[in-house]
């Protein structure tokens, strides 16, 4: 792949002596919506932590938007946005106040204006002046997403973004992600264990199992080979040791 | 935008200070310390008024009997001495409040995973930490300013004596050192809360340190002082004058070394010695010029300043572990 | 499951969990260490005073002055434990606060309260279980302290206690357990009622700070550093209308003072002029306050929100 926006090279992470991420190597092209599938404890969040420079890798490296995570972490941070799982923000502040703070930290030129634009983009203007502590789970997730895109990053990392959302919330999130990808050309890297969301949203997928990448391909190729969601689920289950156990049962 | 508004240190500090403005917690703890300090000041003044009344009554009796009044010692009145209780409350409660503030400064980020959101922005780790420390320093400076200002006003009202420029300068110097002293506890709690696995454990660890340094070490030193073991003082009981006391205590040099060594390990004792000297609370420094006191007590002030700078240095080199980004 | 067995299950489980908490264990060890130190301090300070007397007597004799009696001879052997009064008031109370807080906060933080609530356990059963666990843990701490003190008296020369003195020592440890329970129960109540874990801890700590350092100043002009000295903490209030008034109004609330006065009476180092009905009144206030604290703990625990499985930091 020429000029991938994310290039992961032999990335490894250990945690208390155990290998959480094992020699991960793959590329993601610009403009992709990449779905990172894996069972609980597979190493998906550890991978995101390394790519977002939150944790240094034990070995290997990655280059994101031309910046190396080890040698140029500041460059990486200017190019990425990140929504952790169950993001909460500052309960005592309003949505707008939260966003203004994060916009300033991201080095946005006119924070107030950008906050307004982002609230419009994510359709949160009517809730922006209420305390985040009073938000529902869905609203928190939207404001959580808003803080990640204030500076219009090249790459957006989402860790289990649909966790705890109702079907309406999931659909809204899906639509927003698609819009960010379409209108701003943002590359999306999304951790999830919901196969159905992968099928609807993603243009490429990777499957992680016990820290190892066991599958990586475009959704076109996957669909062409395996067909519908149910088949995709079968594929996923067949790739993971847990899945193999369930399949045998 | 100006360099101040774009610098992450000032952005982080500004946010914390403005949060404190709307958070009742800071207001409540400042109020608590102010109440503690003023209660000590007022009760001290009332007790002193009793002593003065006793002296006046004795003087009147002597005059009535036609006897000279130089038989009884005139009580010397140094208004700043009434701040003794306020200083002690700052030593103890002020340090506890600083711990709470340091804990909250770190726990609030961990509890909401906002630490992860900040550290994935182009903000260097040391900038974030410096911003937090700066906010703490500003809040402690402001809080102690309120406490000591109100204390000075109460002192003036209660004692009926005006404070001159030199008195205010002395209070100002004690204020600066008090800020450095409480900052040490703020930084300790902040570092522990950021570093330990669970924030409430860090709060308890910080309180244990507080207990040891602020209460127990000075208390052991105080308790080992033989003069405190007998009501009224052992030498007073034996009717032994001061010069002879010194002579007798020469035979207990090792004991005294151990005792003062334990006291010297406590940053609180250094602050107390400095503040008591500057404000003339300790008898031997009452009426002594400020310059001479600062020359003699610079070691105590330096101990506190170096401790706060050292802890600040530790904070800035502290790595933020990715497994500490959330509350657990 | 009967309500008795539910309560004992909850109590036993709570004790087991609390003992695994590092901070609880650390504070407990610190408390025991200070008990040992207080025994040493009491012996060391008294023997130093004795040695000073011997030096002073020689000095006075050499200078032809009259030698007064040895003040150490007026000190009761029980008063060797006087520093323990301070350490119980400081770290003993703080340990009890931590224990009380952990007994409830652990359940709330781990999200198991809803899981317990859907089982056949009454609210009263849960509350009683937690209070019983607190009593066991505080009792154990005090018991260890009592054992160390007893060994000290048995081992040190010239400290043979009479039967009455052993009873006083036992009474003192009963009083200390009561004082610690007062704070532990407050912490139980606070942890059950607060929405955040740290606020649940801070409320009893703030009350403890006020009782230990502010009220004694108000009622008797005892400065904070004097409040942690076993002798200086017992100084009488200045004889003025103001302090008579504050004593009347705030005296019953000044529980740290009450504990110190009652303890000093039991350990025989109460200064002259502070006896009479004062120690009895102090003991009465302490027991009343502890009973009220128990009631508040029971109330808060039975009213605790059992539906949410999370506790804010």
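Order as written gives the chain letters A, B and C; numbering starts at 1 within each chain.
Quick note on the criterion: a residue touches a chain if its C-beta (ideal position, glycine included) is under 8 Å from a C-beta of that chain, and two chains touch if they have at least 3 such contacts.
Bear in mind the structure is a predicted one, so any value in this text is a computation, not a measurement.
Q: Which chains contact both chain B and chain C?
A: none
Q: Of the other chains, whose C-alpha centre is the longest way from the centre of chain A?
A: When every chain centre is compared against chain A, the largest gap points to C.
Q: Taking each chain's centre as the average of its Cα atoms, which is closest to the average over all protein Cα atoms shown?
A: B
Q: Counting only Cα atoms for the centres, state how far chain B is from chain C in Å.
A: 25
Q: Centre to centre, by mean C-alpha position, how many angstrom separate chain A and chain B?
A: 48
Q: Centroid from C-alpha atoms only, then distance chain A to chain C, rounded to Å. What do you get?
A: 53
Q: By residue number and range, which residues of chain B touch two or more other chains?
A: Within chain B, residues 108, 111 contact more than one other chain.
Q: Find every residue in chain C that makes contact with two or more other chains and list them.
A: If we look for residues of chain C contacting two or more partner chains, we find none.
Q: Using the touch definition from the top, list the residues of chain B that touch chain C in their complex.
A: Per the stated touch rule, the residues are 32, 35-36, 39-40, 43-44, 46-47, 49-50, 84-85, 88-89, 91-93, 96, 100, 103-104, 107-108, 110-111, 199-201, 203-205, 207-208, 211, 215-216, 218-220, 222-224, 226, 228-231, 234-235, 237-240, 244, 247-249, 251-252, 255, 272, 327.
Q: Along chain B, where are the residues that touch chain A in the complex?
A: The contact residues of chain B facing chain A are 1, 5-6, 8, 11-12, 15, 19, 22-23, 108, 111-114, 116-124, 322-323, 325.
Q: Which of the residues in chain C end up touching chain B in this complex?
A: Within the complex, chain C touches chain B at residues 22-23, 26-27, 30, 34, 37, 41, 44-46, 48-49, 51-53, 55-56, 59-60, 68, 71, 75, 83, 86-87, 90-91, 94, 98, 105, 197-198, 201-202, 205-206, 209-210, 213-214, 217-218, 221, 223-225, 228-232, 238-240, 242-243, 246, 271, 312-313.
Q: Per the contact definition, I'd like the list of chain A residues that touch chain B in the complex.
A: 15, 49, 52-55, 74, 77-78, 80-82, 84, 86-93, 101-102, 104-107, 109, 147
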